[in-house]
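To keep things simple, chains are lettered A, B, C, D, E and F as they appear, and every chain counts its residues starting from 1.
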Amino acid sequence: MKLLAAASAAPGFLQVVAMGLITVFVVLICLIILIKIMGALMAGSAKSTAPQPVPQPAPAPVPAVPQPNKQQLVAAISAAIAEDMGSGVNHIKIHSIRKL
Amino acid sequence: MEAIQNFLESTGFAVIANEPLDLVMLAISCVLLYLAIVKKFEPLLLLPIAFGMLLTNLPGAGMYHADYFAGGVINWEELGTGHGGLLDYLYLGVKLGIYPCLIFIGVGAGTDFAPLIANPKTLLLGAAAQLGIFVTYIGANLLGFTPAESGSIGIIGGADGPTAIYTTATLAPHLLGPIAVAAYSYMALVPVIQPPIMKLLTTKEERRIKMKQLRPVSKTEKILFPIMVTIFVSFMLPSAAPLVGCLMLGNLMRESGVVERLNKTVQNELMNIVTIFLGISVGATATAKNFLNLQTLAILAMGVVAFGMGSAGGVLLAKLMNVFSKEKVNPLIGSAGVSAVPMAARVSQVVGQKEDPSNFLLMHAMGPNVAGVIGSAVAAGVLLALFG
Amino acid sequence: MEAIQNFLESTGFAVIANEPLDLVMLAISCVLLYLAIVKKFEPLLLLPIAFGMLLTNLPGAGMYHADYFAGGVINWEELGTGHGGLLDYLYLGVKLGIYPCLIFIGVGAGTDFAPLIANPKTLLLGAAAQLGIFVTYIGANLLGFTPAESGSIGIIGGADGPTAIYTTATLAPHLLGPIAVAAYSYMALVPVIQPPIMKLLTTKEERRIKMKQLRPVSKTEKILFPIMVTIFVSFMLPSAAPLVGCLMLGNLMRESGVVERLNKTVQNELMNIVTIFLGISVGATATAKNFLNLQTLAILAMGVVAFGMGSAGGVLLAKLMNVFSKEKVNPLIGSAGVSAVPMAARVSQVVGQKEDPSNFLLMHAMGPNVAGVIGSAVAAGVLLALFG
Amino acid sequence: MKLLAAASAAPGFLQVVAMGLITVFVVLICLIILIKIMGALMAGSAKSTAPQPVPQPAPAPVPAVPQPNKQQLVAAISAAIAEDMGSGVNHIKIHSIRKL
Amino acid sequence: MEAIQNFLESTGFAVIANEPLDLVMLAISCVLLYLAIVKKFEPLLLLPIAFGMLLTNLPGAGMYHADYFAGGVINWEELGTGHGGLLDYLYLGVKLGIYPCLIFIGVGAGTDFAPLIANPKTLLLGAAAQLGIFVTYIGANLLGFTPAESGSIGIIGGADGPTAIYTTATLAPHLLGPIAVAAYSYMALVPVIQPPIMKLLTTKEERRIKMKQLRPVSKTEKILFPIMVTIFVSFMLPSAAPLVGCLMLGNLMRESGVVERLNKTVQNELMNIVTIFLGISVGATATAKNFLNLQTLAILAMGVVAFGMGSAGGVLLAKLMNVFSKEKVNPLIGSAGVSAVPMAARVSQVVGQKEDPSNFLLMHAMGPNVAGVIGSAVAAGVLLALFG
Amino acid sequence: MKLLAAASAAPGFLQVVAMGLITVFVVLICLIILIKIMGALMAGSAKSTAPQPVPQPAPAPVPAVPQPNKQQLVAAISAAIAEDMGSGVNHIKIHSIRKL
């Protein structure tokens, strides 16, 4: 390693950065989607089956927000698709999401 | 008389004449002890690291032999014939990647992912805060470090000690000393480094945004979460499996509620024992030859840049999210995405309360905070996959 | 672009195409996690085993390499150059027979042999309950397993996890996964497996037999017992010395009363740490290749037979003893001889109280219960002596 | 290992079973004897010497039963001898024990 | 039938015919267990040592193989192929010098050096009490032991278990058994050995000397002390660095106050675990061949001489100091300089109070007592430098 | 090793003893000096700077003893010099120390 010398690995290191950031974002965005799916399934099964025997006491009145959940799901999926198509973070444009 | 002659020549005073830089290292280790004890810089790790550094630089003591691990190859012949010192044998747990994984089991057992599950989009902040890792990677490359070294330096920006040590032990073990010192020192300095950046990048109005209360998270979700994350992340990035898998094993022990005695042990005794062994043996790699050079200064400088850029990345992405989303996010929680759990989240809370004492950001900041742990493990996985 | 290509090819999704059975193993590990967490099947070991199984089957993660231990030979070259994963290194404690012995120290420290000392003839029940081991040995032989494999399968009937793992790690390490899963699952299923057998083999009158109260046991007897058992059993069967010796070392720590801090540590922290390491590394041996085959089904089937036969053996010998002895034994305590401490003794208590709520069999059943631990260690010693 | 194939180890496996069961029984029966001897010695030394300074509080009135102890000792020794003579568990016949 | 024949030949009864001395060793281990349990001779170490001795001498058990460590060379081939027993693997921690260092971390964490800092001249008493080490070295030499063996025998006089084991494991591993037994037995016998010597060498007036109260020691002094001692002693005598460094690392953990959870773990769980492993594996080296010979008797005899001479050395130097110094020292605290913390200091207190019930020597005796730990570590360093 | 044989290592073993005892004394005497220097520095800095925020409660009234401290420092240094000059423990003669 030559300190302060010209970087010998120049061709490629931007690729590393791109690949790294894209991977981090793709993985974590997919996790967002998975968590939302999990939450949706929980909510669904909670409705269809008997309530949990020992529900956690809600720390304060929490308004039920089923609709935004679905929208965020759509949003996250769109984002993930955009990512998957290879565009960097800066190029994401989400056109279709509106708050109803 | 000859015996006395030999004896005198074996004292540290005789040895030090040939290795005067050891004295500088002893002074540095005392400074680090001061930071750990008086300034309380992450003392749980910095104290063992500093003492390990002290022990390794005692001339002639032979508690650690850098040459038994030269070139990344373990000299089993010397170790197996009993010529190794205590720190050589303890260092094997670092070199073979065992300690960071065990510590991550304890970290997972101590982490509550509920704020993240309740507000999963904070994962984006945990992703954005890894910006520092990759910006620093570029910088290190430009300064002439090899790609593997650059990756290890960048990972300082992950603000996560075990991840940094796990990655560096594989990619650039000769840099373990400075990288560990930088990582833990800057984690301790989060309350100093982050607030100016946070204020610079946000308006007064943004800092006063109140976020809506997090939904309660069911026990089932908390149990499914670690299993899901382990499987999914490992599929996407197999090289991240050891860190993420161990983190989530610990978390499953915590959330399952059926192995309370194991949960308690991994968070306490096992973690304490491994922390000591890890600390003193990582410190032991900081010999004068490995530490006293321009590289170390460059690493320390780039480390603070990595922290700053990571914090900025989190804040800026939070602002970007507010452009597209009606449900506003207080951008002060973005900086918590660097991890440094739970200190960075506390910094978000403190800076937020300075603008509006009625604003409680702590729980909201815990989302990106724990997301940052996953984020840096993933970033480490990328670096390990490319250069490991 | 080539880098991206390589990167994509390294993801688990690419690897899984060649190893589709890994998905089945992941599903099985999730089922075992369900059993451990929701059904509370011996969670202290089944949770780590299941998670180890999950980690080992993550495609490309490389946390365990079955080929480093192929043919019973440890590939030190790969392990020594740092190519091993966390679970490879932890598995060494299983492979070298260290963990089961350490766990047995903790088990001994947690066991009160007083009910056995007060009523030593219950040792006969602990002997008879080993019938399952040998009946299963015959069955496995007939199914085409080698003698060493058959012994390892039979030992499931010992209803004693560390003994089964110690024996199998020596005789048939490739079967560790299914045998450990069978052993711990059936131990959890003792309350399901045993009662029908117990009722089938006993009359209503027998189940109502009240046994006379146990005599108090002096401290001296409790201290002499572990020393005597260690020396005598090891003389009779040297191959049983490691298991019996460690069990009795722990018990002596308990009963001597002079090393209370050691006693506490072996029962708690040491045992917890070793349990985690043992569990996840035993689970790691359950790769698709080792687990997904007819053998595993055969082992699971024979395991339950072994449990059932052992329970029956204990009950039947108790009945036989009643033919010759005026002091009647309630045959329900015979099934406790399989060990599975203390669950099997509780089953005796519960089944007994169904016939007569005023009948307290628990302490009487603890005699054969702890005798069963000694009994299976002796049976393991025989198998190790013959095939080890 | 060929699953479901004819057992190649057939000649010998019954020996293994016999040896295993006999060993388990012999060892544990000997332990019975040793425990009884130990108990007898304890009782003897307890009588001849001063009583234990801190006797364990008996959980309930326990009738002293010295005689049965001795009988059981005889029984166990007989059983052990029978074992030692090579007979299997099924062939043990104890003729001489009577309750006085 | 042949199988049965082989089986019978493998029992301990068959083996013992060829190794009848094993029976003597079993008897000795039972005597040591008696001393540990009934007489409470340092049971935390003597019980594991005695049980290790018992296990190693069970004929045919194979839990320890002296020949895998013959001539000071570790037979990795046998150990690596899994032929080792539990005690072989645990013994590696002794052989490689790991356990004594880890125990010293715990000892340091449990030691309060304030009485020494408050009255540093008591270090002279801690130095004088090492007289026993060197007098015994002469005696052992004259009896025909090699210099390395003589040094290991002498170190019994240091009255410090880990130091004795660390030194002997390097210089004369074949003598570990008798030396460890002697060291721990005589440490337990300090209340028997020391008082007659103390009374013989002192007048009634001297025994009644009251010492002035110790000054309070500031927290800063307590924190600087371990750092200073580590650096200085290691410079003077690099071979003492492992012992002194670990002792002082533990003490720094204690005094710094910032790593309380590490401090707690090194004093408790880590120390307990290592104590067990150390004890049973040191005991395991006491095979009949190594133990049952005139050497052992000679070592036991010289050990008690070493203790006595050390105690006398401390007392006599205290008297000498009183000749030159106006501020009188009660010579009864001199004998505490052998270490054997805190028993020797308690003996000083008890003997002093017999003359004058109002005289509280305990805190004053703690000074030489902890000085003796440093003193023997330094003496060990000299021996290791000369013969290691 | 020949037990009870004539010591073969005779030439040298007294040197070992001398070196050992001298080293132990030199090292520990130097520690005395270092501790005293440390104590002196502490006392000095305690005077010149603000008092410690949380001073340890003195277990009983402790008379301040600055002078003896200095004397002992002199004494210890003298002793160390004597040692350094190579004389054994028995030959130390300290002439110059008087209690003021």
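Criterion: contacts are C-beta pairs under 8 Å (C-beta built on N, C-alpha and C of every residue); 3 or more make two chains touch, one makes a residue touch a chain.
Quick caveat, the model's predicted, so the values are computed rather than measured.
Within the contact network of the assembly, the step distance from subunit B to subunit C comes to 1.
Centroid distances from subunit E, each centroid being the mean of CA atoms, peak for A. The distance from the centre of subunit B to the centre of subunit D, each centre being the mean of the chain's C-alpha atoms, comes to 60 Å. A straight line joining the Cα centres of subunit A and subunit C is 43 Å long. Subunit C and subunit E have Cα centroids separated by 39 Å. Counting partners per residue, subunit B has 3, 7, 236-237, 269, 386 as the residues that reach two or more other chains. The residues of subunit A that reach two or more other chains are 12, 16, 19, 23, listed in rising order. Residues of subunit C touching subunit B in their complex: 3, 7, 10-13, 15-16, 26, 30, 33, 36-37, 40, 43-44, 47-48, 51, 54-55, 58-63, 80-82, 84-86, 89-90, 268-269, 272-273, 275-276, 280. Note for the complex: subunit F touches subunit E at residues 1-10, 12-14, 16-17, 19-21, 23-32, 34-36, 38-39, 42, 46, 52, 56, 58-60, 62, 65, 68, 72, 75-76, 94, 97, 99. On the subunit B side of its complex with subunit A, the touching residues are 116-117, 120-121, 123-124, 126-127, 130-131, 133-135, 137-138, 141-147, 149-151, 213, 215-216, 218-221, 224-225, 228-229, 232-233, 236-237, 294-295, 298, 324-327, 371, 374-375, 378-379, 382-383, 386.
Residues 72-74, 76, 95-98, 101, 105, 170, 223, 227, 230-231, 234-239, 241-242, 245-246, 249, 252-253, 256-259, 261-262, 264-266, 269-270, 385-386 of subunit E are the ones that touch subunit B when the two sit in their complex.
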